[in-house]
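Structures for review follow.
Both complexes below contain chain A, partnered by chain B and then by chain C.
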Partner chain A sequence: MDSMKRYFVFALSILLVLCLTGCWGNKEIEDLSVNVGLALDVGEESELEQELAKEGDSYPKKNLITATLQTVPVLASKNEQQSSTSKSSAMYLNTEETGDSVFQLYRQYSLRRYRPIIGHHLKVIVISSELSRKMDLEKLLKFILRDNDIRPSCLVLISKGKASEALVSSQTGDIPSFHLRSMVENQFRNNKILAPMILTKLDGIMNSGSSFVLQNLVSAKGEVEFAGAGVIKGETNKWIGTLNEHEVEGLTWIKGEIEGGLIKTYDKSGEVLAYEIKSAKTKIKTKVHGNDISFHVSIESDGRLIENWDTSQVPTDDKFLKEAEGYFEEELKEMLHKTIHKMQDVYHVDVAGFGNKLRIQHPKVWKTVKKDWDETFSQSDITYDVKLTITDYGSSSK
Partner chain B sequence: MFTRTDDKITTAQTVVIISCYMLGSGVLTLPRTLTERVKTADGWISLIVGGLIVLLAGICIVKLCQQYPGKTIYQFVQEIVGSWIGSCLSTLMILYFVAISAFQIRVMAEVTKLYLLEGTPMWVIVMSFMWIGLYLITSGINSMARLFEIILPITIVVLLICMFLSSEIFEIDNIRPVLGEGILPVLRGLRSTVFVFIGYEIMFILPAFMQHPKKGVKAMIIGTSIPLVMYMITYIMVVGALSVDGVVRSTWPTLDLMRSFEITGLLFERFEFFLLVIWIMQIFSTFTITFYAASMGLAQLSKRNIQPIMYGLIPIIFIVALLPKNMNEVFDFGDFIGSVSIYLFGLLPVVLLLITKIFKKGALKEDG
Partner chain C sequence: MWQTIVSYIPDWIVFVQALVLLIVPIIIYFTSKWLQSALGSLTSEGTTTENKSEENTPEDGKAEAEDNAPFTGEYVTDLASIKNRIAKNCDVHFREFTMANGKKAAIIYVEGLYDKELIEVQVMKSLMFDDVEETEKPSDETKITKTYLMNKMLPISEIREALNLQQVVSDILVGSTAMLIDGIVEVLLLGSATGKTRSIEEPLSEGLLRGPRIGFTEILSDNTAILRRHGKNESLELIKFQVGTRAKKDLVVAYMNDIVNSELLEEVKRRIESINMDYLPESGYVEQLIEDNSLSPFQQAQNTERPDRVINSLLEGRVAILLDGSPFALIVPVTFSMLLQSPEDYYERWIPGTLLRMLRFLATFFALFAPALYISFISYHPGLIPTKLVMSIIEARQGVPFPSLIEALIMETSIEILREAGVRLPKPIGPAMGIVGGLIIGDAAVNAGLVSPFLVIVVAVTAISSFAIPSYSAGITLRLLRFLAMFCAAVLGAYGTVLFFLLLFSHLVKLKSFGVPYISPISPYRLDDWKDFIFRLPFKVMKRRPLLMKTKDSDRKK
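Our next item is the complex of A and B:
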C-alpha cells in the first residue's frame, strides 16, 4: 500500500515536469521584424509590386494606400529581398505594400518576409499630405488605434512629399524612425517644433471635431527636415494646407508651447539681431459680447540678446537694449499677425486652441458655437500685445 | 457551521478588506464609463458625491450589523423579515456575490488576454486564478486579511507611481472648466460611480468577524476613503491626458494612459505591464472576498460545512465567468451587477434598519 502511494507521488512529480518547459511559445527577438516606422502614401504600386502582381500576386483590393513598413533589424543574409527604397548597407528594411485595409497590408508583410512583424515598438507614423488630402485620417489610423500591440505613444507626422521618402536615411547606421522620434525632443532648442502629437492626443482631437496641426516633414537626398506644419480640418479630418516655418513659430507662441528657441530680426540698418528665449508665457483672454467673440493674446517673455551684427551698439547701453526689445517685439507681432491671418483668412480654421480657451472660460457660449467653430473663429477679433524683456547679454558685453 | 472562534480580524484589517474589495476591475474602465455619462471633465466631483452616498449606505449596514453582534446578514436577516423572505434575500445576495466574482475574473481574463498573455486560452487564465483563490479562502478570513495587508500598500504605491509618471502627458486644460455646465453632469455620473464603489456591502459580513465591532463605522469611513482617493487621482490623470473626447473612445482608458508614454532611463520603460500585474492582484482580492462571501452565505443558509461548498462553487463561478460571449456582453453584465447592487445594498440596509428600529425586533432580544 505504501509503495503504491510512493509510485503515485512519483508519477505525479513526473507530471510536474510538464510545467517546467517554461515559455514554450517564446519567439526570439532576433527572429522578429520589429516594426519601427510606418509611412502612408497614396496607393501606387511600386515596380517590384507590379512585377510581383504580374507573376500572380493578386487579391481583391483597391489601391488606395501604399504603406511602407520600416522594420529592424536587417540580417546580413543576402537571401532576403530588399525593396528598392532601402540600400544594402542600411540598418533598416522598408517594405512597400499597396492596398486598402492597413491591417491587411500589415499581414501581407508575412507573405514576403519570413520574420513575423511585431508592432510593440512602432515609433512614428508619417502620412503624406497627398493621401490625407484625399482620405479621412481616422480611416487611416483606426487599425493603429485599435491594435493591442501598437502603443498609443506613437508619433504622427505629415510629409509634404512622399511619406516613404521620410523613412529613408543616407547616414549609415541611422534608423529614420528613431531619428524622427528623437528630433521631436528638440523642442527646447527650436520653437519651430510643435509639441509631439501622439496617437492618444490625436484620437481625442479627432473625436472632438476641432481642427489641428501636425508637424510637417520635407525630404531631399536622403535627409529629412521638420518644416512647418500640415493643417487638418476638423470636420473632415483631411489635410487642407500647410503653415510655413515662420507661421509655426507664431503658432507655438500663441499656444504657449515655447520651451526654447529664438527670434531673429534685422535692425534698421539691416544687421542681424537675435534673441534667445529663456521663458515665455502666453495668456489668452476671451471676451463675449452678444454674438461677438473676441480674443486677446498677451505674451510675456524673458530672454537674452545673443547676437547683434551691428558692433557699434553695445548691450551695456540701456537705450540699445530697449531699442532691440522693440525690434524683437515688432518681429513677434509680425509673426503673430501672419499666423492669425493664415488661420482666419486663408484656411478658416482654428488650430491654435482659441476654441479650447473659450470652452474653459465661457462653457455655455462654447456649447452654442461649437459646431461651426472654425467659421465663427474666422470672424472673431483677435488682438495681441507682446512684452519681451532682455534680461542679459551672455558672456560678451561689448 | 463553520465559524472558528480564533478567526477574528482587527479594525485595520477590516479597513484593508473593504478597500481591497472596492479596488477591483472598475478602475480600468472607470474614466470611460464615468465620462460617457458626465460628458464633461467633472467626473471627479461625481466620485466624491458617489463616495459619500456609498458611505452613508455603508454606515447603515454597519449600524444594522451592530444590533446583531457576531452574526452575519445571512443569519440575522431571517430574524428581521422572517425566514421566507430572509432566505430569499440571502439567496439573492449569494447570487450577487457569485456574479461579482465571476465578473471580476472575466474582466481580468479579458485584459490579460489583450495585453499580457495573448494566445493563452481564457480557461487557463481563469482556472489558475480560481484555484489559487480557493487555496486562499479555505483558510478563512484571517489569512485573506493578512494577504490583503500586503497587497494594498503595494497597489497604492504602484498606482501612485504610475499616475505620477504619466504627468508628462497631462494637460490641465483637459479637466477644465470645473462645473462648466453646472451640477447636472455631476448627477448624471453618480450611477456609474456606484459600480466602482461596490464593496461596501461586505460590511454585512465583516462585523461578525471584527474584534471590535464598535469600530465598524470608522473602518467603513477609512476603507471607503482610500479607494475614493485612488479613483480620483486615476480619473483626473486619465482624463487630463486623454481628454474627454479621447477617453470615451478607449476601451481600457487607464491602461491606454500607461501605454501613452515611455520613461527612458528608469528601471522600467513601459508601465502598463507593471500596473496590470499589480492590478491583477487587486482583482484577485475582490474575487476572493466575493467568493468567500458567497460560500459563507451558502454554508450558513444550508447550515453545512463551508469547505465542500467552496469547491462546489468553483464550477459555477467558472461557467458564469465564461457566459458573456463578447466584450459588449461583459460590460452589460457589469452594468447589470451595478444596478442590482444599488437596489440590493443601497435600499435594503435602510429598509432593514427601519424595520429593526420600528418593531424593535432583534436588537433588544439579542442583547438580553
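Our next item is the complex of A and C:
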C-alpha cells in the first residue's frame, strides 16, 4: 500500500510537470490586427509624424520610404455599431510610417497601435513609380520576400501617383486592398489587365534579371483604376516608364494572356465596331540566322461581332463580316506594332517574354545572348500575322 | 582536423534535451506498465484464490457437507431440512397436500417466479384427483415410484431430479418448483422460472430505418432463441458458462464452429473462465473483466442490442458473448472501423452505404478535433483562416473576455452536462430540455459576451457529429478524448493537435483486442480488408471474410 501511494504521488508529479509548461507563442485572434495592404512611397513624413517627432519621437533613420500599412478590422464600440449605419466610418485603418528599413517600419507600428500586426493576410503591395524609379525593387521587397508570415500569393502593383492614395476608398464598406485584389480577377472581362504579378513570380523574375511589367494604378478622388503598366528594367530593378492601356492590350495579345475582352475600332465611315474575344491563341516562333534573331508572332482568335453602329450593314452578310474582320485585324496589328515599338525603340526592354521563348526553342543561342538580352532584343526583327474570325453576331442580326 | 570535429559537437543543452527525450518515454513506459500490472492484479486469479482458502473456515465446511448429503426419503425430515434452509425467505412458499392415494406431498416454490398454471393444472390436479384408469394403477398403492410418477402422472416436459439439499435450494430460488413426496428419495424439480419479462422490442440505442426491428431482451434463453432463428444453420454453437462466484449467472458464448478461429475461441473461453467476480449485473462487467488493456480509453469489445449485427459478426468469424440479464451482447474481437459501421451500410445499396460510412468517418474527425482546431486557429494560426473570416471572427470575439480554451471549455462542458442530463430526463421533458439548453443557453451565452457565435457553431457541429457515431460507447470515448485534444491545442496549437493525433494513433496501433490489431485494415495493412472499411464495396466484390480474423473458411461464396 505504501509503495502504491508513492507511485501515485510520482505519477501525479509527472502530470503536474506537464501543466507547468504553460502556453507559449499563443496570441488570441481578437488581439491582433490584420495587415491587408502595404503602400510604399518616397519618404516624406506626414503631418502627424512631424508633430510626433516634435514631441520627441525620433530615432536614427533616413527618410527614404513612407510605408502605409492598411489594417483591418476597425473596431467600433457596441453603441456605435448599432447607430452607425448612417455614419460613414471607414472599415480600414491606414497607418503611415516613414523611415528606411521596411521591417523597422512594421515594428514601429507597435508603438502606435496596441493590437500587434500580423502579415499572413497581406493581399496587396502598391509601390509608387516615383519610389521604384529611385530604388531597387529588390531592396524594397527584401523583407516582404523573406518574412515567413507573408504569403507568396501577395499581389504587387505600381502606382503612378502616391501609392498611399491607392489604399484609400471613398466608398463606405469597401476595403481598398480587397478591392484591388479582386479587380485583378477581372481579366476575363478586359484584356487591359495583366496576369497578376504575385510575390513568388516576382522573386523568380528579379532573380533571373529579366525585365518585367507591373500593373499600373492611377487614383483620383478616392477612386482607383488600373491604367497601363509600369515597366521595370531587369538590370537595375528600377522603374523606367509606363505602357499605356492600349499598349498593355497589345502586350496581353503577345503574351497570350487573353482570357476575354474586346477589340474596338472604327470602320471607314468612322462608326464604332466592337469585337468580343471568345478565344485567342498566340504562337511565337523564333528564328536564328547566325547572329540574327527574329521572332514571328502569329495570333488566332475567334470572336463575336457585338457592336456595329453602321446600321445599314447587316451582319448576316458574309461580305460585311469579312470586312469587319479586316478592320479588327488592322486595329490589332496597329496595337502590336505600337507595343513592340515601345518595347524595342523607347524602353529597350523585353517584357513580353520573347526571351523565354528563345530559351525554350534555342537554349544554346539563349545562353550566349542572355547576358545582354534587352539590347539584343531591341535589335531583333519581329514580324506578326493576325487572324481573327467572327464566328457569330449574337442573338440579333439587326 | 580536431578543431573541425569539435566545432560540430553540439552544446551541452542539446545533450540534456536528448537525455530528456530518452528518459521521458522510458518513464511513461514504466509508469503505464506499472499501472497496467496494478490494475491487472485486482482481477488476477492468484491473489483471490489465496483469499478464498483463508475464508474457508471449518464451519463452512460443515455446512457444505450437510448440503451435499442425500435426502433420506423421509417426508418430514426432508421437508424440515429444506425449511430450515430457506423458509425464512418471505417469498418462498410451502404448499402441503395429500395425494389421491393418501400420501403426503409438498410443493415448494418462489412467489412470482414459478409457473403457476403448470403447477396448478398439470401437477396438483393430476396428483390430487386420481383419474388414472384403474387398469393401469399399480397394484400396491404404497409403491408409487419416481418412474411411475414421471411416466404416468405428471404430464410435464421439464422434470429434473435432485438428490441433495444444495441442488434443490439453488434451483428453487431461481424459479423451479420442487416437489417432495413421501417415500421418494429424489426431490422432483418441475418447470422453470417464468417471471415477468419484457417483450422483444426495437433496440433503443441502435435504431435503424431499414433493418430488423428486433432487439435482445434480458432473458438469455430468448436471446439465444433469437440467434437460432436467424436461419437453418448447424454450425452456430452456443456454449454455456457460469460466471459469478456468489450469484451465478449463465453466460453463453456463440460462434460458428466452422468459421471461427479456434485459437480465438480458446482465448475467449480462457478469459471467461478466469472471470473472478462475485456478481456480474451487466455485460459491461464481462467486457471490462476480459479486455486486454484497461488503461486504454477505447472499448475492446463491441456491445450491441441488435441480433442481426451479432449474426453478421459471427459470420465474419467473431465470437459473441451473451450474459443473462443483459440485453447487450458483446462481440469480440473488435476493430476501430466496426464502431463506425452500422448494419444499414449493408442493407442499403453500396453507393449510399459507402457515402454514409465516409460521412461517419468525417463526423468522427469533427467530434474529436473540431474544438481543438478552433482553439489552435484562433490562438495560434490566424493566417490559416480566410481573410474575410478573420475579420468577422475578430469583430465577433471583441467582447469575449476569455482565451479560446476557456471559452471552448465553458461551452463543451455545458453541452456535456446537458447531454448527461438529457439521458436521465423523462421522455416528455427531453426535447424541451434540448431546446432550453441548446438554443437558449447558446444564444444567451453569445449575447452575454461569454462566448463567440463561431464557437457555438463549432460546439454544435461537434455535438451533432458525435451523435452520428453508431456506437454509444465509442461516442463517450471520443467525447473524453476531445477534451484532451483541446488541451493539446491550447498548449501548442495545430502542432499540438497533430502531436495528439500521432499519440492517439500510436496507442491505437499498439492496441489489440483478443489478439487482433485494433485499427486492423490500416495497420497491419491488408488491402483486401479495405473493401469493407471506409468504403463498402458491392457484395459481388466482397467474396471473402475479413482476412484479419484468420477464419477456417475464408470464402463467403461457394
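Note that in this section the second predicted complex is superposed on the first by the 365 of 398 C-alpha atoms of A that agree within 3 Å, B and C clash if a C-alpha of one lies under 4 Å from a C-alpha of the other, contacts with A are read in each partner's own complex, and residues count from 1 in each chain.
Simple rule for what comes next: contacts are C-beta pairs under 8 Å (C-beta built on N, C-alpha and C of every residue); 3 or more make two chains touch, one makes a residue touch a chain.
Everything quoted here is computed from the prediction, not taken from an experiment.
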Touching partner for A:Glu28 - first (chain B), second (chain C), both, neither: second
First, second, both or neither for A:Ser208, with chain B first and chain C second: first
Which of chain B and chain C A:Ile360 touches, first, second, both or neither: first
Partner chain in contact with A:Thr200 - chain B first, chain C second, else both or neither: first
Chain B versus chain C as contact partner of A:Ser153, first or second or both or neither: first
Partner chain(s) touched by A:Leu64 [first = chain B, second = chain C, both, neither]: neither
Shared chain A surface residues [contacts with chain B and with chain C]: 25, 151
Sites on chain A touched by chain B in the complex: 25, 145, 148, 151-153, 198-201, 203-205, 207-208, 353, 356, 359-361, 363-364, 367
Of chain A, residues touching chain C in the complex: 4, 7, 10-11, 14, 21-23, 25-30, 32, 34, 36, 72-73, 75, 78, 118, 120-121, 123, 149, 151, 178
Residues on chain B engaged by chain A in the complex (per definition of touch): 114-115, 118-119, 169, 173, 176-177, 180-181, 241-250, 256-257, 259-262, 270
Chain A-facing residues of chain C, complex: 27, 31, 34-35, 38, 377-380, 382-385, 387-388, 390-391, 393-395, 397-400, 403-404, 490-491, 493
